[in-house]
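Note sheet for the following structure.
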Amino acid sequence: MKQFLSFVRKEFKHIFRDKRTMLILLGMPIVQIILFGFAITTEVQNVRVAIVDPSKDISTQHIIDKINASKYFEVKRVINATNQIEKVFRHGEVDLAIVFEERFNENLNHTGKARIRLIADATDPNTAITEVNYATSIVAAVQQEMIGTNAVPIQIIPEVKMLYNPQMESAYSFVPGVMGLILMLICAMMTSISIVREKETGTMEVLLVSPMKPIYIILSKAMPYFVLSCVNLINILLLSVFVLGVPIAGSLVWLVVVSFMFIMVCLSLGLLISTIAKTQVAAMLMSGMVLMMPALLLSGMIYPVENMPAILEWISNIVPARWFISSVRKLMIQGLDVSYVLKEIAILTGMAIFLIVVSLKKFKVRLQ
Amino acid sequence: MEVGKAIITDRLTKTFGGFTAVDSISFSVDKGEIFGFLGANGAGKTTAMRMLCGLSKPTSGKGVVAGFDISRQSEKVKRNIGYMSQKFSLYEDLEVWENMRLFAGIYGMGDKEIIEKTDEVLNRLGFYEEKNTLVKDLPLGWKQKLAFSTAIFHEPKIVFLDEPTGGVDPVTRRQFWELIYQAADGGITVFVTTHYMDEAEYCNKVSIMVDGRIEALDTPLRLKQQFNTSTMNGVFQQLAQTASRNE
Amino acid sequence: MVTVNNLTKRYDNVEALRGINFSANDGEIFGIIGPDGAGKTSLFRILTTLILADGGTATVNGLDVVKDYREIRNTVGYMPGKFSLYQDLTVDENLNFFATVFNTTVEDNYELVKDIYQQIEPFKKRKAEALSGGMKQKLALSCALIHKPTVLFLDEPTTGVDPVSRKEFWEMLKNLKQQGISILVSTPYMDEASLCDRIALIQSGEIMNINTPSQIIADFPDKLYAVKAANNYHLLNELKQKADVKSCYMSGEYLHVTFKTENEPTIDNIKMHVIQPTIEDCFIRLMK
């Protein structure tokens, strides 16, 4: 035990004395969270609007005028048929489509009710919500006006449809992504580099020849990075709650459990790389190519897994970050119960056990 | 520049912060001479050599190498010297002739000239068969001989050798020195550092650095007489014991 | 302390060890003398249980290097060739760390490392990266000794080190021997051979000769002459052409020459005298 503690102390010294690396490791998650946070704008201006107006009557014209007069909106297209809406969205010509039902004024005057559909491009969900809210409030204002002049009570019913992101995944879902990336970086990349460095300097030979059990060498190499990951995890959570205002909607305990499983997976991946790589550069490249790239591209952090081609979606199944990010999204952002992430937890646990066993087997008591 | 001198330095000094790595050294090396540059680890040899090769600017003092000022004409200095060290010699993942073509090309030799000379050099070394072998597949001694031939391929006026024979077997080490003699016979000045004291005897002149200063400079024979010992090792040991610097 | 029987090791297409045999006795300094690439490091790694041999057996203190690797690891000290300590830790921290790794403390075994450690103690708060080559070596040796090993494996401890530090290092080894530690040391410097009790000359994975340095020299079969001229290189080329010259090469300020004839040979205008061969002369002869 004394051996182990002294070894861990030594590892911490390595980390603390390399001020630049430590600054990057602790500073990067903070900077990333803040940058992503500011990149999300909630301000809307000059929203390009398409109008579908089959009734072409006095009421619809009034609403269109009001919309156009607002500083937020600008009518760009008038479309004749609803089936063209998809096309203008796809071409990126408009951000919002306003669809009036047929015989709008007639319905309003006879039944007191008329429908208006608001279709928004929700790839950026925050913006979409704001756009729709502004449009609805303009419609509501028009309705107030009409009530004033009309004897019968009338009601314009807005129906909202979000395109491309029907579940309205929150823009803050980058938080789980950043968590996944940082944990991967620290646990996998840094652990593998620090072990390979000892191979390069020849100290690993001496350690192997010492009575210290190889398992302790591994554990004490992984320990500091485990601690560092926990610090970063806490930092990210604190920042997202208090600076970005993203609440932890679900269970904090389960969030910690899932993160812990993911850390174990990453640590053993790092260990596995260290058994293969001979130089620090090789270790860095391997963890970059084998771990970071898939974690960035296939985990759903940037591109939703659901929209991937089948083959990529299939490959994404073996990317641990995918399961981690998905479960954190559910637990933290959507506030779902733990029963919704059982699959993710099971998969991560399985991966952790498998990788730990494999990497311990591979880390030999000898040099080759 | 004095006629017949390949290297002249005058109170050449290099300081790093408050630390004087090279402390006002003045010496000269004759053309075609084999000059041994000795000193304990940390005595300032590497720093001095870097200045002479035009890689690092002197803090003060003057140095002229191959007729060019090392502070103001470092690019011209580099064109007229060859360099080889134990640590870096050739690209391991290139073939033998590719290495020669690369370095000759760097020094601006023409293609036709390179091809002819490569064949000639490889034939003389007896390495012609290995022309298309990757350098990493050659034994260490061969690599060192090849690295030396590459360093003098463009016929520089001076060649700098930094511990060229470290770890090489005694037979190859001697073959290496025969190449050095050949080059010196052909008029190339050889500036060499080594930890093997018997190799110091092979030099025409030897300087020994202690704590950044040149404490002795003469032919091996006269140095041994001066220090009243029978080997260069004896001379070196006596001088190095006066060192006070720990790095 | 060490026995080696018919040990072989190959890497892909390189045969590092081609069936070597030797045994080193308790309490002696046994030198493995040979150039880079001779197989020294492979031999050391097999003996310190770091790699497995392809064929043959070896024991350290009577323990098998394959079966009993755990016990061997408890009793030996090892300084690998490229060993460079932890550059970002201080002298003190390095030593304390290795002491704990080997289940001991600096205080417990201070007696053994005292002589060596005292020389670097003034710099104990300095980081290892700021030490000179000679001091790094002393620190590395202290680290390898801190757990009081019975056998010490030193793989090229003096490579790239200046002659003064090398001399000091060998004096430290002599002291350690007197304290009862057996030492297996490798070196590419032939002049260090005479400082060992017995040596094995190794080249291309084969041992060419094993004996005491003085016996190896005594076994040199030819009369060795030293000659010298104003230009040794020209003389060398001249001698190489002569029919009765068996071998001729540079050695310090002289050329060393052996002849095919038993009679007193002569070379025009050159004085020559018979000298005692060095280990290097023996090595060169064996290489041919």
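Just so it is clear, A, B and C label the chains in written order, and each chain counts residues from 1 on its own.
In the analysis below, contacts are C-beta pairs under 8 Å (C-beta built on N, C-alpha and C of every residue); 3 or more make two chains touch, one makes a residue touch a chain.
As the structure is a computational prediction, the values presented were derived from the model and not from experiment.
Novice: Minus subunit C, work out the clusters of chains still connected through touching contacts.
Specialist: Drop subunit C and the rest splits as A | B.
Novice: Which chain is most remote from subunit C in terms of Cα centres?
Specialist: Using the mean of the C-alpha atoms as each chain's centre, the farthest one from subunit C is A.
Novice: Could you work out how far the Cα centre of subunit B sits from that of subunit C, in whole Å?
Specialist: About 27 Å, centre to centre.
Novice: Please work out the Cα centroid separation of subunit A and subunit B, and write it as a whole number of Å.
Specialist: 59
Novice: Which subunit A residues qualify as touching subunit C in the complex?
Specialist: Residue positions touching the partner: 2-3, 6-7, 10, 13-14, 17-18, 201-203, 205-212, 365-368.
Novice: Okay, in this complex, where on subunit C does subunit A touch?
Specialist: These residues of subunit C touch subunit A: 45, 48-52, 69-70, 73-74, 76, 78-89, 93, 96-98, 100-103, 143-144, 147.
Novice: Within the complex, which stretch of subunit B touches subunit C?
Specialist: 39-42, 139-141, 163, 166-172, 174, 177-178, 181-182, 184-185, 195-198, 201-202, 220-221, 231-233, 236-237, 240-241, 243, 245-247
Novice: Name, in rising order, each residue of subunit C that touches subunit B in their complex.
Specialist: Its residues touching subunit B are 34-38, 123, 130-135, 159-165, 167, 188-191, 203, 232-233, 236, 249-253, 280, 283-284, 287-288.
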